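Next up: some structures, all given as structure tokens.
The two complexes that follow have chain A in common; it is paired with chain B in the first and with chain C in the second.
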Partner chain A sequence: MRETTIVSLMTRARLVQIMAALERNGATPIPSRSLHSFAFFANVLSPIWDLTPLDGSVLKEKSGPFYPALQREIDYLIGRSVLTVVSLKSMGHGEASFIEPSLRLSKANAQPVLEVVDALPDEQMTARFLDQLAAAFVEITPDERTDAATLDAAYSDPAVASGRIVDFAEWVEPTFGNPAWSTAQAFQQYMPSNMVLNRAEKLAMYMRLIKKRAANG
Partner chain B sequence: MACFPYFEKIVIADYQLYPGKGDELGLQAHFSKGPWILLGVNGLGKSTLLLILKHLLVGAVSPRGPGFTGSRSDLLPFDNRFFAHRVNDSSKATATASVRFGSVTLHITRQLKDLRLTDAYRSDDSENHIATEDQYREVLANLMGLANFEDSVRVLDRITFFLENRTSLIWDVSAQFEIFRALLAPTISEELRKLEADIVSNDSTARNLNAALYKLVSKRDSEIIRTKTSTETQARLVQAIALLESLEQQELTAQTELTSADEERLDRRIEVKRAERAVEDALQAYQQTKFQVLRHAFSGIEANEQYVLLKIIADRLCPACGNEADGAAHTLEERRKKNLCLVCGSEKHSDGKVVSTTGVLQSQAEDRFNKLEGRQKELGTAVERFNAALERHRKSEDKLDEVRRKTDEAQKEVRRLRAKLPTSDQNALAREETRIEGLRREVQNFRRDRELAEQKIEGLLKRLKRATENHRTELEKNFHRRVRAFFGQEVRLVYSARKDRIGQGGKVFEFPAFEVEMTSGATSGNFIRRTADQVSLSQREYLDIVFRMSLLETFSDRGCSLVVDGPEGSLDALFADRAGELFDSFGHRRTTSNVILACNVVEGGFIPILCGHFRHLLNAVSA
Partner chain C sequence: MDNDQTFGGISSEEIADFVRALAAPPTEAGASPTARFSRHVSNLIFIRAAYGEAKTFSVFLRSETLADDIARCECVEFPLLRNGSDAVAGRIWISTASLTTTFEAKLAWSDQTSLFQAIRDAGFGGMPALVVDWRTGMPIGTLYREGLSNASQSERVIFTELPISPVDIKGVLDRFYDRSLRTPALVVEGHAMRIWSDAGKGIPEARPEERIQGRLSDFLKSAFPRYDVRSETQTADGRADIIVYRKDTTAGNLPATVTHWVLELKALCDMTSTGNTVPMATIPTAISDGLDQAIAYKSRLNAVNAALCCFDMQKDEEDEKTLFGHIDVDAGNANIHLWRWYLYRNTKASRRQNIKSGSV
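The block that comes next holds the complex of A and B.
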């Protein structure tokens, strides 16, 4: 039997919160690769909200971020009917082929989980952060959502080669060691002196930048 | 953009090593586009000819080895009688080369007896002959688009010429930094070099003074102890100082151990992430085959259930409860084969067709499943190695912390014991302290100067790093294209900035650098090769040659030459053919480039393949 660790429980809970935020913002059904992309943004941008990311690093790949541990929890939640597979699509060719499910949250089965998670004080803040992020993420065209993460400041750092590790919070400072955080903070420089950006605004501006980059290819 | 030399012509006169034939005295070679081979047995002067080409350009100097050398000169003298020693009489011998840099050709003539410049001029300014070596050096740097002559010599030594001494580039990250500094930051190259010298010089002076200070303190302590009557405090002070010295030594060793453990930890983390991804890829590929096999059996089942059943069959785990599900997977397989409903096992009300899996798909499924199992094993090994590396790192950190804690305690103990010495001793101590304090201030001053230089260099290094990163994709692409054709194994050039200090102490900076990842012949994972001794001799040499070709291609849009001595030396039969292709592709396919090779007469495909595109005018200058 697969061992349930504290890490897998946390990932599972975060996944339900993410899917709930995406549901609320009309971003479901969501293809699993786009879900990984969103999870990446949730990790890399959480230091803006003083939240600890679930994963502080990810393997850099041309196709975008992919978290094997998150994928295991997606499968588990499908098996428990918390997530529903709306459709299956065969993607890629040959050895690189895979089946991509499009997912949505099963509200009835997810509600008890969400009630428990939302009752925890720090998770309420997480839920608000994910809502803001989902609202910004949904602005990106569905076709561009999967690739959007590859345009993130940390992920696209030219100093990190493909096949190496994008570390934004594991062995480096989640703030100054994280280019996405630094970029989001830099927006303040362009504001009038009497205007101080709050974290939600920084997050929205950062995602708008990503959207712009995605749209420009 | 930098401009690399393209050798057009060499003429050697009155040099006994190349007497000529019949009426044609001396040696003349016109190097047009394509590969050129100097072919012959040992001792005929092939390598000497390539060295003449090099020293015609640079004169009687060689570059100092790479690294932060402080204010020492970047150039070392090269024996100006080197070519004179090879023959009995070289008094009248001269060598002339015509070397093109972009649209300008530089004509250079030197005496071979002492490498003195006798004539030089540019094709766009043939009226004005270059009179002195200093003027010549300025012209050369200018034509190459570099900051100074020193950078020109470095670039020629590490990129254009790959001669007998086999100076390495891909395996030497310090040399890479100097090359990128020269090629990509000519406007700040001199300032970078000066600040680097300041940092090394201030750091070194501070350390030397510190060593003098340390000796002074030790001498003072032992003097007091020797001249005074032995007391228990003095005896304990001697012991405490000895312990402190030993602990400081241990701290240095522990720091080195931690650095090595950290590097291993980083590498193992990459391995685990890649192994996890490889398992996931193998799993998805297997699921894909399963999906094809099962798609008929799945007819009429909702996507959600399809996905769950697929997971049970592929993973052999129940996604709902996490238990092993071999029995359920077996049952599902049986139902599929009998064309029964996968969910309840009853007969399907279908058109009666039994869909059988084709042999191809079945075999593909088996292959992919075997691959999946292999990947899972590799992941297990990678995780074990990572955990071992983490443990080693943790122990190294603990050890360093422990040694530092003990060092602090020992320092406190020494101070405490000094304070307990009799007053007369303390008065003597106070006088010594004044001198010691003065020296300490000097150390601080030099450290402050080093820090100021470090602040200035930081921004410049960032600029250089960004400039390198802007070119890295193209460089990696050019490298991969060439290397793929040469090596059977998967080889990647990977940008990986190196962290290092300029002085022995002080701030850590990031320097642009590339390293090599290769698939080992014994295993399937990619392993990072940081040092030349991690690969075979032929891999070492040819990775360097391919790297140089890629640099030439990336950083110059004009013609250039690559000069290689003994390219056949480390090759076996298989690689000899590929080496022929490699040099041919560089010399032939680029619009105006050539490779000049000196090699022994060898069997196999190297020479015929190399000259394959030029058979009609086989350009062999037989030595």
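The block that comes next holds the complex of A and C.
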């Protein structure tokens, strides 16, 4: 099988897992830009759970992270009726305008994929991670979910200018070289001495910090 | 400045301020969708109890795919139900684990029998359900993890902030055992982490206590949603396996944390995870060590109650009196509860014991 096909299949499978987690936690229908935002968090925070990010870097844009490969799979799964377009909204102005769909998962069509993916031992851990992430993500006000990713420690790093690559796991260590991971680890030093944070708590606290930043603008 | 760069766009001061303001990590972190659902519904019930609700029932159904489920019957959206301003009694609610958007299912029912039947007939029988009985004035919760189609599998959910009695917590532990641990097949059905490496040969997985701990914590979080549950709380004497606590205020109106229960877990194995035999004398020593830990953690954490919870994975079942005979006086003096559950190595042995004890 060609490498591009494998990457495409992995992205597609991850997209179905992501949508299932968002469905379970009441975050759908989700605008496609918010979905890219969630996918970014799923990448940048996966080292907290000792998981390898699907994408270790992303282009820094003012409008937030956008994954062309993920968008291709979104389009493909809409075409296969695994994702359903609930509504369309005109966004932006002039040349930058675009039509944004709000999406949800068609459980009946996604179920065969989920059954295969969930049977893989490593993917069970990924599913738990995505469920916990979605539970935290849904606490962010819907209007602020798209912009939330721009407030992430790695994405908002002033050392990375807009139009450059935010690298948190491509050429750098996904842990020490990843500001989001470092921030999540730093919570421990401010906790009472008798409280040792586990990875789920670090993840939930990190997303609460992002929620607070989003609410403060 | 160097330190700030490590955290990218977030300063170390911002991190410190955030953690200080948060005070404690969210209890929902790490909880299963059903445990989170139970806790969100509980918060809502707590608010609604103060308003006074009609003396009937509420049913909350947890959906995995809300849009598909609400298409099965006439439903009305209540996007702000979680705020607690809408009456919930006498209605059937469908929502997700986070209780964000909620729908009322317009099904016809008149009493508890027709209520359950209407839910099953609508195709909602497989959805995790939390039923609230408002008839006594004080809401009583029952959680059906596998849905109302399997109504024999249910758990009490305690909505009050009253102290948790030994009977209450033992009841939850008993149900946890019956649902998740009693036989190797239940461990698999309950989607729990494996406890046996080879049940037939009596070989446990490595560190079985830790595996039990994670699943039990989740069970406690859904059963006592007004309480916080933490694993591995550090003390000067080591880490307490599970604590159940509440944030409170002192008589002087100062913030305080009251630890209501310390649970020290011990898996008693006569074989190691590598298949070697454990010397006989090891088991009584492990139980004594467990008691010492329970006493130490109860004291360090100023806990109201503590229990040593033994999960007996030995080949031959011993009764509680034999198992705890060498420590029961010390445990009584220190006010430590001693509880034990036997993990059968196969379903046949469990069934035989059930028949012997007359429980079936």
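By definition in this document, the second predicted complex is superposed on the first by the 213 of 217 C-alpha atoms of A that agree within 3 Å, B and C clash if a C-alpha of one lies under 4 Å from a C-alpha of the other, contacts with A are read in each partner's own complex, and residues count from 1 in each chain.
Methods note: a residue touches a chain if its C-beta (ideal position, glycine included) is under 8 Å from a C-beta of that chain, and two chains touch if they have at least 3 such contacts.
As the structure is a prediction and not an experimental result, all values here were calculated from the model.
Contacts of A:Thr183 after superposition: chain C is touched, whereas chain B is not reached. In the superposition on chain A, contact is made by A:Glu61 with chain B only, not with chain C. Contact with chain C, but none with chain B, is seen for A:Val138 once the two complexes are overlaid on the shared chain.
Judged by the touch definition given at the top, the superposed model places A:Ala204 against chain C, while chain B stays out of reach.
Looking at the superposition, the partner that touches the larger set of chain A residues, chain B or chain C, turns out to be C.
Judged by the touch definition given at the top, the superposed model places A:Ala42 against neither chain B nor chain C.
Applying the stated contact rule after C-alpha superposition, one finds that A:Ala149 touches neither chain B nor chain C. Residue contacts after overlaying the shared chain place A:Asn25 against chain C, while chain B stays out of touching range.
Of the two partner chains placed around the shared chain by superposition, neither chain B nor chain C is touched by A:Val16. Of the two partner chains placed around the shared chain by superposition, neither chain B nor chain C is touched by A:Leu70. With the contact threshold set out at the top, residues 84, 86, 158-159 of chain A are in contact with chain B in one structure and with chain C in the other.
Chain A meets chain C in the complex at residues 20, 23-29, 84, 86, 104-108, 131-132, 135-136, 138-139, 151-159, 179-180, 182-183, 186-187, 190-191, 193-198, 200-201, 203-205, 208-209, 212-213.
Listing the residues of chain A that touch chain B in their complex gives 1-2, 4, 57-59, 61, 66, 68, 71, 75-76, 78-81, 84-88, 90, 92, 95-99, 101, 158-159, 161, 163-165.
Those residues of chain C that touch chain A in the shared complex are 5-10, 12, 14-16, 18-20, 22, 24-26, 28-30, 33, 36, 64-68, 95-101, 230-235, 239.
Across the interface of their complex, chain A is touched by residues 269-270, 273-274, 276-277, 279-281, 284-285, 287-288, 291, 302-304, 306-308, 310-311, 315, 317-324, 465, 469-470, 472-473, 476, 492, 494-497, 510, 517, 526 of chain B.
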